[in-house]
Amino acid sequence: MVELSHVDASGAAHMVDVTGKEASARVAVATGTVRTTEEVVSLLRSDGLKKGDALGTARIAGIMGAKRTPDLIPLCHPIAISGVSVEFTLGSDRVDITATTKTTDRTGVEMEALTAVAVAGLTLHDMIKAVDPAAVLDAVRLERKDGGKTGTWTRPEDR
Amino acid sequence: MVELSHVDASGAAHMVDVTGKEASARVAVATGTVRTTEEVVSLLRSDGLKKGDALGTARIAGIMGAKRTPDLIPLCHPIAISGVSVEFTLGSDRVDITATTKTTDRTGVEMEALTAVAVAGLTLHDMIKAVDPAAVLDAVRLERKDGGKTGTWTRPEDR
Amino acid sequence: MVELSHVDASGAAHMVDVTGKEASARVAVATGTVRTTEEVVSLLRSDGLKKGDALGTARIAGIMGAKRTPDLIPLCHPIAISGVSVEFTLGSDRVDITATTKTTDRTGVEMEALTAVAVAGLTLHDMIKAVDPAAVLDAVRLERKDGGKTGTWTRPEDR
Amino acid sequence: MVELSHVDASGAAHMVDVTGKEASARVAVATGTVRTTEEVVSLLRSDGLKKGDALGTARIAGIMGAKRTPDLIPLCHPIAISGVSVEFTLGSDRVDITATTKTTDRTGVEMEALTAVAVAGLTLHDMIKAVDPAAVLDAVRLERKDGGKTGTWTRPEDR
Amino acid sequence: MVELSHVDASGAAHMVDVTGKEASARVAVATGTVRTTEEVVSLLRSDGLKKGDALGTARIAGIMGAKRTPDLIPLCHPIAISGVSVEFTLGSDRVDITATTKTTDRTGVEMEALTAVAVAGLTLHDMIKAVDPAAVLDAVRLERKDGGKTGTWTRPEDR
Amino acid sequence: MVELSHVDASGAAHMVDVTGKEASARVAVATGTVRTTEEVVSLLRSDGLKKGDALGTARIAGIMGAKRTPDLIPLCHPIAISGVSVEFTLGSDRVDITATTKTTDRTGVEMEALTAVAVAGLTLHDMIKAVDPAAVLDAVRLERKDGGKTGTWTRPEDR
């Protein structure tokens, strides 16, 4: 029968025991999108021509957010993140975010990648909210993971 | 001309000076949705009949996440949150999240409400990802805010 | 009917709304005891004659622990602590801990005082555990609180 | 001569060097008790029949507290916790807490288990204090540890 | 007699009680310098022409560092920072850092300004250390503070 | 061509990928100086004859600061620190600080040693600032590092 991994037989939450799992190289890629207005994207672009601090700030927030994952997600293991990158692509009225996280630990870095995307997106929201309080953080999701016992998982096309 | 509030004339990020703003009661409401499968929602429901630890864990994570907002969002002010609640509504293949945050400080609690939603959603993702790694956190957005100099803002219907 | 304040009508945890409460001076005093061996107390005493770093370390840990209370206790409000002190009294085979916390905020500092005692006690445990792994942290409890709408509360003698 | 491990020859505190120790599987079990009233235990029980959020909240706080151990206890090493569980047993006027922590690192997880118990106990205190401000966190202590060079330690019966 | 404010009559550290002090607008300005090589400054400048992420990252780190001050400095009060800015000036072989912090709380923001400078400087060091591991963070000091009972203090010329 | 390691080809900050690096024993030593007055050093000395809490507090702050390095320095990896010590030497009008950090991880502990020095120095500043607000934290720098692929680095005499 299918069961939630973080809830034991009695229904109580616990941090899954990964003591017996092997340390190995693992990678995860997550994405998300901030939907806003053409005016905001135009401001972010011109900022990019000057000092890029709006996108740069969101990038740093995403990287630091990945490191805070075990402080935020109650049942996540504290793990040795060995690399994080956060990239942005500007569309006409949207900013697409991609985060890649790596580790050589006993469990995967999916939550770290998702947290990096969410924190980067929230940070963009914070910086544009005086102009567009209606901005939306959408489609925060895992695209791919590699490594560990279950190996590679790629997002199915129909989800 | 419209400008990003967190970026100064030279394009550099800074924490906006709110020293001169008045402390007053403020409220913000944010929402978001975790899109998953009917199977997962069914597991969350049956869990709800037992001990509710999956949703209960996400609720606590959201409340604690609201308190971590200034640690996560670089240019957010540390403020005195005076109340947080996080609610879930189960749909057939989705979980809708609503967070309400309150303060009596010099600046609003919009980011705190959005962060509560995002962290609650990520926590749900963490707990269901063994069953549905393709789950998506969608539509994280501000619905309403009250208080402060700008008064009440309600999300426009066309966004 | 008597009810738990942090659990709403539906049984869900939330951070109690204190927006309407008045900011006022409040004090809390908590105590606790580390029960150990005469040998350990003797080591702590001689250390006290030199540099006092064992008790000094526990004192600092307690003070810093008080500041971390809202990070640790999920439904505690982040409040403006305006003073903390932590004192130790050495008995023959025990160390008694007293913490006093103060604020001028909308809610009390009882949890801050209790957290200071617990973290100071755990820190002592950490430093003596190579000699006495069986040490016990006992009787962590509130002694007194002043201020706020409910005024002074003093621990009843029969508890 | 017996000496405190965290204090060097000059009496100064330091973080003990474990560079040369071997990484190996280690487990620790700690317990503690919240002494309260029959009325409170009755409220916790009925809550348990509904959504269990009071005990569920304390459980999550304990698990997250274990992860914060190196932030709280000054001389504790940051280690890779590989599993945490926190269990409660309701007595007539008490709640007994048991925490189990695991790692595969260079030093033990005793402090992590003790911190989980203390934070879970303080969280319960926070949630019942409106009804019973006189509740006491008692008998926070190590029951057993396994692994590492010193192997298994079990609490002696006379302590 | 002159005494250290954070050490009581018995020599024990404590967090000074500011309960009775009045909340008022306060400002602090601190500076510091990273001494490095002409090659490094040249890299920082050319980076500035592109995306500015090296200086931008240090700026964000400094702003976030200011908010972490009470987590880092044991006897600092947690206070409501109402504004932070961090500026850099590039010399031929040095980067000068200036941080300005503001509050409307019961105690000053000197430590917050100094911490912002130190964390920004350490972050620059981190990013240039592959090229210049010998870089030095120098002259971290308070330049000026305004507000509070003691009013304005300006750094004397002979220090 | 020489390039900043934390900035990629497009000028964007990222956390350098160390997945492929080998875990090995590494050590770093950093130093710094707090320049103050003879009066202050005299107070620190007499305090040292009593309970040493001023220097003891700064030592604990430095050790805990080393553990917070990845929370403070955006692009630092979270690593398993296996030992930290912080030492002070009192001069006539100065306090010299030395921090030594150790790890067995995939990257070095230079930033951890520098952070320990900076936080210890800022903490001293905090405790003496009522007597000497003009105190300066000077010469925070790396003295030596051992281990890893690049092996031993010793500070050149002319820097």
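Read from first to last, the chains carry the letters A, B, C, D, E and F; within each, the first residue is number 1.
As a working rule, a residue touches a chain if its C-beta (ideal position, glycine included) is under 8 Å from a C-beta of that chain, and two chains touch if they have at least 3 such contacts.
These numbers come from a predicted model, not from an experiment.
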Legend entry - Labels of chains that are neighbours to chain E and to chain F: A, C
Inset, instruction - Mind listing the chains that sit against chain B and also against chain C? - result: D, E
Legend entry - Contact-graph distance - origin chain C, target chain E: 1
Legend entry - Taking each chain's C-alpha mean as its centre, the one farthest from chain C: A
Inset, instruction - Tell me which of D-F and B-D has more C-beta pairs in contact. - result: D-F
Legend entry - For chain A paired with chain D, centre-to-centre distance based on mean C-alpha positions, whole Å: 31
Legend entry - Gap in Å, rounded to a whole number, between the CA centres of chain F and chain B: 37
Legend entry - In chain D, residues with contacts to at least two other chains: 11-13, 51-53, 56-57, 59-61, 64, 68, 71, 74-75, 78, 80
Legend entry - Chains that touch, pairwise: A-B, A-D, A-E, A-F, B-C, B-D, B-E, C-D, C-E, C-F, D-F, E-F
Inset, instruction - Note which residues of chain B are touching chain C in the complex, please. - result: 25, 52, 56, 59-60, 63-64, 67-68, 78, 80-87, 102-104
Legend entry - chain A to chain B touching residues, read off their complex: 2-7, 10-13, 32, 39, 43-44, 47, 50-54, 56-57, 60-61, 64-65, 68, 71-76, 110-111, 114-115, 118-119, 121-123, 125-131, 133-142, 145, 153, 155-156, 159
Inset, instruction - Provide the residue numbers of chain C that touch chain F in the complex, in ascending order. - result: 48, 51-53, 56-57, 59-61, 64
Legend entry - In the complex with chain D, residue positions of chain A that touch it: 8, 11-19, 70-71, 74-75, 77-80, 105-106
